[in-house]
Structure formats: structure tokens, C-alpha cells
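Once you scroll down, you'll see the structures, which are given as C-alpha cells.
One chain, chain A, links the two complexes that follow: it is found with chain B in the first and with chain C in the second.
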Partner chain A sequence: MRWPDRLAGVIGALLLLAVLVPMGLMLWSLLEQGAGVISVDFLLDDPRQAGRAGGIAALLVSTGWILAVCLLVAAPMGLGCALYLSEQVPAGTRRAQWLGGTLDMLAAVPSIVYGLFGYQFFAISLGLGFSILSGGLALALMVLPLMIRSAEQALRAVPFSYRQAGEALSISRWGWVRRILIPQAAPGIAVGIILSIGRALAETAVLLFTAGYVLRRPDSLLDSGRALSVHIYDLAMNVPGGMPRAAATGLVLVAILVILNLLVRRWLHPAQGAWQ
Partner chain B sequence: MIKLPVLVMALLALAGCGTREDSLVITGSSTIAPLMTELAERYEETTGVQVDVQSGGSGRGISDTRQGLADFGMVSRALKAEEGDLTAHLIGRDGIAMIVNALNPVTRLNDAQIVAIYTGEQQSWSAFGGNDAAINVVHKADGRSTQELFLEHFGLSNDRVKPDMVIGENQQGIKAVAGDVNAIGYVSIGTAIYEADAGAPLRLLPLSGVPATLEQVDQGHYPLSRELNLVSQGELSDAASEFLAFITDPGQAGIYHDYYFLPVSR
Partner chain C sequence: MITISSRFHADSLLTWLLRLTGAAAVLVLGGIIAVLLIQSAPFMLEHGSALWRNDWQPGQARYGMAAMIAGSIVVSVLALVIAGPVAVLLAAWLRYFAPSVRRPVLTLVELMAGIPSVVYGLWGMLVLVPWINRLAPPGASWLAASLVLALMILPLALLVTDTALGQLPARYLQAGQALSLSRVGMLRRVLLPQAGPAIVSGLVLQFGRALGETMAVLMVAGNVVRWPTSLFDPVRTLTANIAVEMAYATGDHRVALFASGLLLLLVTAVLLALSWRLRGERHEMA
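This part shows the complex of A and B:
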């Protein structure tokens, strides 16, 4: 190998290391502070004394419901919008650029803006109050642009020759979409969903203003419920002696993200034929 | 695919059915919110009345109370003149004490001297009649409400402070100063008073000539303290006044102490 190539390789490896080392340190500090708190009881008990005692079971329930509402709304809407964009709006036209640019701008809006909008619109105007539903819907709004854009890109990446082959066999439009287009684009769509889940689970600002701060286990979608990320923030910043439990909750959140990642990847991978 | 919109519509329709009658909503200051969550938890266990606490800042406590979204707003300061439409119920106080080691001969510092120490202009205790030794400046980490209160009181910005040691929890500050004759620090006043009473080798410095004692804070004379208020609009409902009586009962003082606040004395 010529030396500039070798040098480039070394620089690349160093840069990768520079990214991986801080991530490792971050995980280590979470483990160091929080590992002592984690136990089966921590996962199965409800929090007591504003989170200073007990576990996080109620928060896992709340977070699960918020995420479920978010995905139930955002995934079909996102896929629908992406299908419209990829099927009806030819790439490179002014309409495509305009719509795409708008979506990219929406994706870049700071999350606190979605939080304030969600608070004003879902919680107050629609009268949903501080509730799982308000939180899930506000989160859905936040992740939709990301979801649409990544699904659209995945759909557009399906080779044109497949469409030609489909038309040659005179497959109906719906049949083409359902049996060929979506299964082919599934891995890309899955990545969009994973990214959206990641953003949704990490979100604090939106949820503090919509799903709220209540530690009780929610009885219905109209009850307020605290998400894991809000709990971490509050324990670390506002509760004396809350750091070990904040770190332990952070570890649980990281573990959930990793597991969801693996599951979604496995489910939607075309090699496994899950969409057929 | 058709079922989803139907489900969403049904959920939206459900939302129309009002909230429970015997419940209270309290929103506001993130400083007070954890304390209020814990008090609410006890109240629910005792009476079965559901109390929902929401965080988001003193400003939100005030606007939610005005809009009728909350029965009480949590406000971690005194009400301003233009907020006269609301009634403040003082539940406790939060404050900061400047602490030095009990063996340090310096017994008082004025505000300008404290600023000079924290900005690094004066680096030796000899300038204030103390030992000929370097001053170890103990400062709080970003985001702590004690740090905000400290910076605000002395008119400092965080980048002007030249700390030798940055701490998070109050207990860390106590340990740092109790274990070092040449250290100066600040911690929540509740913590400082309890620890000094319990025998930790600490001296609480008076501020602007006012000694850092429970009585002075209680009467509102001590300068570096703030009120913790629940604010309400109009007449209190029965449920609301019962809750207020419960949380200001002397029996609940322990929870306030856990958060380094001083409960209001009745």
C-alpha cells in the first residue's frame, strides 16, 4: 500500500477511536454510579419518595405507552406520506424539492418547540391535559419528519427495473406496493423507525410539557405519566442524592434501546422474510 | 389500516370525559417539584385524594394557576407586584450559607470580599486577617439551583468564578470545608445549619451583617434566601386547603429537610 493510503487508514482509525472512547467512558461512568442500584426489584417496584427510593416499574409502563402511542400514529402516517412522495412526486421536480426541504426543516426544529406546541395544542386546546396521549402525539409530530424522510429514501432506492418487471407482469399498483416495494425497502424503513424510537426515548423537553411528571402508574392513556428520560433529568438535577438512581435509570434506558434495535433489525430484515 | 383513525378518534372522544372530582393539580418550579411529589405521595396514602404534580418552572406555575389549569402553582421566589391577582402561601424557604472551617480565624466577610475570593482577585487568607495560606475556593457544578442563587446574589457570571474544587451535592461541600482549614464554600443553608449543629467543624459566615441562623432565615432577614410558595387564585377549595394544611404540618418537616429546605414555622 502507498503511504498516503496507509496514513489515511491510520487517521480514520484514530478518529473512530476518538468517537468510541468517550462513548465507552460514558457507559463506564453510568455503570460506576448506577450498577449498585440495579436489581430485579429496581425494575419491578414503583418509585417512592419522588424517586429517592423504590424502582422504576411505573416509569417503564408510562414510557412504553407513550412510545406505543407515538409509533402507532407516526409509523403508518410516516409510511403513508413516504409512499405518496415516492410514488406520486417524481424526484428532482420543484414539488419534490419543496416538500423535502420543508420536511428537513421540520426535522431540524428544536424539540422544545414541539413540546410547547404539544402543550398548547394537545394538552390545552384539545383538552387532553397532561397525559400519555398528549405526550405520545407530540412525540409523533416530532419524529414524523425523520420517519417520512428515511422511509422515502428507502422507497426511492428500490431499482426502477423492479417496477418495470412488475408492470410487465401487470401487477396491480397496490400489489406492487405491498408485495415488492415495501418488502424491498423494509430495512431502510426499519432504520427510520429505530432512529425515531431512539429520538423518542431520549426526549425530555417534549414530554415534560405534555406527558408530565407524575410518578404514579397510569390507569389510562389520559393519565399523566413520567417517562424514563424525564425521570433521569429530574433525579440528576433536582433531587438531592438522586445521581445513583439517575445513572441506573440511564443504564436501563440504554439497555432498552439496544434490545429494541436488535429486535427491529431482526424482524424487518428481508433475509428473514418477515414482510412476506 | 382503517382501524387506526377510528381508535384515535375514540381516544379523542374519551378525552372529553372530565377529570376525577377529588383530585388536585399542582404545577411549577422544578426546585419544589420533587418535594411536592413526595408530599403528594404521602397525602394520597393518607387520604386517597389524587394529587398530580407537574414540573416546568415557576413561570409556568403562575400561568397555569391563572388559566385555571392548576389548583396551586409552585413558585420558588416571592410574588412580584404585577402578580397581585394571586395569593401566595409560604410553605418553606431555601437559602445558602457561606461556610468556612471552624478553625479558620476569619469570622466575617462582606459581599465584595466574597466576590474577590471567588473571582481569584484575592488568593490568600492573610488579606482578611487570617492565616498566611492560600484560599481553597469550593464552587458548585452547573445547573444546581444553589449555584444559580449564589451567582445571582453576588452578581457573578459563572465564567468569572475561579474555583479550586467543583462539587455537586451539598454533603460534598460540607466534607470539603470541614476537612480543610483553608477552604471556603457555600451549601444549602438547611444543610449547613443541621451539620454545624450536629458537630461538623464549620462556621457559617454572616451575610451583610445578618447571622446565618434559623431565626433570621425564618423571619426573612437573611439576604441569601428565597421563599418557596404555593400560589393560588381566588378562594381555596376544601380539597386544596386540606392539602395545604397537611403539607405545612410540623409532622412533615423531615421531608423538607431531606431536600435541604427549611419548612415554614407555624
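This part shows the complex of A and C:
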């Protein structure tokens, strides 16, 4: 081996350390602060004293509702748009390019801008106020491009010969979509949904001014509810002495996300680009 | 007859339903642009130029955002300067020097990409800010924000670079080996230049992500409205400004925040167009 190659080997290993060490420190600092707090009671108790004491049960409930609203909107819309892209828009046409460009732009819009839009449109113009519904809807728009792209990828992966066989049997379009295309693409679509859940759980800025940060358990979809991510932010920044529980909540959130990630890997090794 | 006509109904219904969902995606983007424009247009027409001044005092009806625009830019540029080279070199190293560790490292990096930005921010508050504070108080600073952002954009920057290198034809490598070039020489003269546009295109998108990031920056940047002069001074970015002040802003103040949202959207669009341009295509990017 020549000396430049050897040097490169050393530099590469150092760079790898430069990434691994901060990640290790992240995990270690979360554990150091939060591990002592985590227990079964932490998951089952409601927060007290603005979150300084108690657990995160109310937040799990709020997060669950926000996520449910988000998926109920994003999954059908995403699947519909993906079907439109794969079935009715021939690749390479102007329409495909415009729609693709629109999706890229939607994916690139900063989340705080989705927050501003959701606040103005859902909370104020539609009169939904700071509520689970506003938050879930704004979040649905944010995860929509990811949902569409991954469902589209799954639909396009269905072999062309199936379509030919279907056409040879003169199956109707609806029959083809319902009985062959969607069942065949189902694992890929499920992966898209799980990826969207992960993205939605990780999001904070969209929810600050849509779902709000009321700590109570929500009674209805029109109540404000605080998501886990918003709780982490609020405890860390605005509540003196909230750091241990912020870190513990962070650990819970990261654990959920890691489990989702493993689920995706298990279910179907994501095709290249699924992480985008 | 009945089956045929009902089939026709189901099919045409499906066609229209799908068209509708396709239109919905366009409507969402149009709606976001429209809402931001409607909210901020009257104000911008009246005192648009005042937004570029350096005097943000909403209490006295002064809405010059220059300091925060500068804050956003310097924080993101430094983050990219730190993360970009690390991501590119590390991706190249994993692919051409240490293929055996590539898979596990990429798996870890994909996990990193999914970690919420508030958790990166928390890490910054727990680890980085105290360290920088020991070096030069107060700790919450431009440097802290850039370091947190750098770690945040690194995973996707690395994955994009890895994909770009993976798309190079294998014959480049074979030709290089036949000429018995050193691997570093191959990388420097052939592989990186060939994959360059795709890599830079990916980095441009990550720069956009850094500019648009709110939470992680908000938690470690200190959020003082001030022209950034030193790495150790607190700064406030446009995004953090929206998050901090939206809760109580009214009237023109609120409108100014919407105007800053519009500015963010505009910059994102320009960066996206630039990234397409570099790739030499109009679409196929996420």
C-alpha cells in the first residue's frame, strides 16, 4: 500500500470517530440525565408541576391522537396521489415533472413554515383553534411528500408482467388496482406509513402553534394537546429543573423511533432512497 | 350489460378520485404560498424595504430582520463547512477503503437521520453548551448552533454522497486499478470529480435543511437579536425568531413573522432549483 492510501485509511478512521463520539455522547448524556427517571410509572402517570414531576401518560395520549389524525389524512391522500403518479401520469411527461417538482418542494419546505401555515389556515381561518385536529392536519401535510414518494416507489416496483396478465384478462382498472396492484405493493406501502409515523413523531416546530402545549389529557379532537417532542422542548427550555424528565422523554421517543426503524428493516429492506 | 356499466362507473370514479388527490398535492403547496403571501403582502408593499434594516424592535414597530437573516446564514454556512467535508470524505472512505464496515456504519447513520431535532437540541444543551461555556461564556452561541446543525445534517449528506458514488460506473475503478493508480489518486482525480455535481446537489439540499431547522437551533443558539460577530456570541435565526415570537405577536409584528416565513420559503425554492440544476434534471430528488 502506498503512503497516501495509508494516510487516507487513518484519516477515515478519525472521521468515523468524529461522528461516533458525538453520537455516543448524545446517548450517554440522555441516559445520565434521564435513566434514573424512567420506570413503568413514568409511562403510566400524568405529568405534575408543569412536567417537573410525574410521568408522560397524557402526552402519549395526545401524541397518539395527533398521529391518528395525521395518518388518517396522509395515508389515503398519499396512496391516492401515488396511484395517480404511477397509473395515470406517464413518466417523463410535463405533468410528471411538475408534480414531481411540487413534491420535492413540499419536502423541502421548512417545518416552521408548515407550522405558520397550519396556525393561520387550520387554527384561525377554519376556526379549529389550538387543537389535536389542527396539529394532526398540519403534520399530515408535512409528511405527505414522504408518504407519496414511498408509496409510489412500492407501486412502481410491481412487475409489469402482472399488468400485462391483468390486461389479457381484461380486468377493469379498479379491479386491477384493488385486487392486484395494492395487495402486491402492500409491504412497501406499509413501510411508507411507518416512515411517515417516524417523521411525524420527530416533528416539533409544526406542532408548536397548531396542537399547542396544554399538558392535560385531551377530551376531544378540538382540545389542545402536547406531543412528546414539544414536551422535550418545553421541559428543557422553559421549565427550571425539567431536564431529567426532558431527557427521559427523549429516551422514550428515541426508543420508539428505533423500534419503528427496526420494523421497517424487518418488514422489507427499504429500497435505496427510502430514507429520503 | 350491468357489469359493464358498473365497472365503467367504478373506473371513472377511480380516475377522478386519483386526479383529485394529485391536484391536492399541488393545492397544498399553492395554499402555503397563498396564505403566506396574503398574510404578508400588504405589509411588504408598504414597508418592504424596512425588513432589510438591522433594527428588530417589534415594541417600537421596527421590523428590520437583517441581524436574523445574517444569523441564519452564518449558522448554516458554518454547519455545512463542518459537515460537508466530513460527510464526503467519510462516505468515500467507507466505500473504497473500509467496505467491511460500510453496512453497519450506514445503518447507524440512517438511525441518526431519524433522531428528532429536539433530541439533537437537547444534546447541545447538555453537552456542547456547557463545554463552550467553559471555553468562552455564555456557551449558547453561533458555534453551538452550527455544531448541532452539522451533526444533524451529516447523516443525509453522507447517505447522498454514498448514493452518488455508488452510481459511478464500475469501469472507472477497474480502469484506475489497471493503471495501478493509488486509491487516493483515483478518488481525487476521477471518482470525486465525476460524482461532484450529484454530491454538491445533495449538499445544497442539506444547506436548505440547516437554514430551515428551528428546534435544534432554538435550543442552543442563545437567541439574542444581534449582528453575529464572534463564534462565541449568541445569535438568533429567522426560524428561531418565528418560534419565539409567534406565541405573542399581534398586528404588524405578526405579519412581519409571516414575511420571514415567506422569505424562508423563497430561499428554499431557490436552493431546490439550484440542486436540480446541478443534477441536470428537473425532478427525481427528495
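Descriptive notes on the structure:
In the analysis below, the second predicted complex is superposed on the first by the 231 of 276 C-alpha atoms of A that agree within 3 Å, B and C clash if a C-alpha of one lies under 4 Å from a C-alpha of the other, contacts with A are read in each partner's own complex, and residues count from 1 in each chain.
The definition used in the following text is that a contact is a pair of C-beta atoms (placed from the backbone, for glycine too) under 8 Å apart; a residue touches a chain by one contact, two chains touch by 3 or more.
Nothing here was measured: the structure is a model prediction, and the numbers come from that model.
When both complexes are overlaid on chain A, the residue A:40 reaches neither chain B nor chain C. By the touch criterion defined above, A:173 reaches chain C but does not reach chain B.
Contacts of A:72 after superposition: chain B is touched, whereas chain C is not reached. By the touch criterion defined above, A:51 reaches chain B but does not reach chain C. Comparing chain B with chain C, the partner in contact with more residues of chain A is C.
Once the two complexes are laid over each other on the shared chain, residue contacts for A:208 go to chain B and to chain C alike. In the superposed model, A:237 lies in contact with both chain B and chain C. In the superposition on chain A, A:128 makes contact with chain B only, not with chain C. Residues 76, 208-209, 237, 243 of chain A contact both chain B in one complex and chain C in the other. The residues of chain A lying in touch with chain C in their complex are 2, 4-5, 7-9, 11-13, 15-16, 18-20, 22-23, 25-26, 29-30, 33, 76-77, 80-81, 83-85, 87-89, 96-117, 119-121, 141, 144-146, 148-149, 172-175, 177, 198, 201-205, 208-209, 229, 232-233, 236-237, 243, 246-247, 250, 253-254, 257-258, 260-261, 272-273, 275-276.
Within the complex formed with chain A, the residues of chain C that make contact are 7, 10-11, 13-15, 17-22, 24-26, 28-29, 31-32, 35-36, 39, 86, 89-90, 93-94, 97-98, 101, 105, 108-123, 125-127, 151, 154, 156, 159, 163, 182-185, 187, 205, 208-209, 211-215, 218-219, 239, 242-243, 246-247, 257-258, 261, 264-265, 268-269, 271-272, 276, 282-286.
Listed in rising order, the residues of chain B touching chain A in the complex are 1, 4, 7-8, 11-12, 14-16, 19, 30-31, 33-35, 37-38, 41, 50, 52-56, 67, 69, 143-145, 168-171, 258-260. In the complex of the two chains, the chain A residues touching chain B come out as 48-52, 72-73, 76, 124, 126-131, 133, 208-209, 212-216, 220-222, 224, 234, 237-243.
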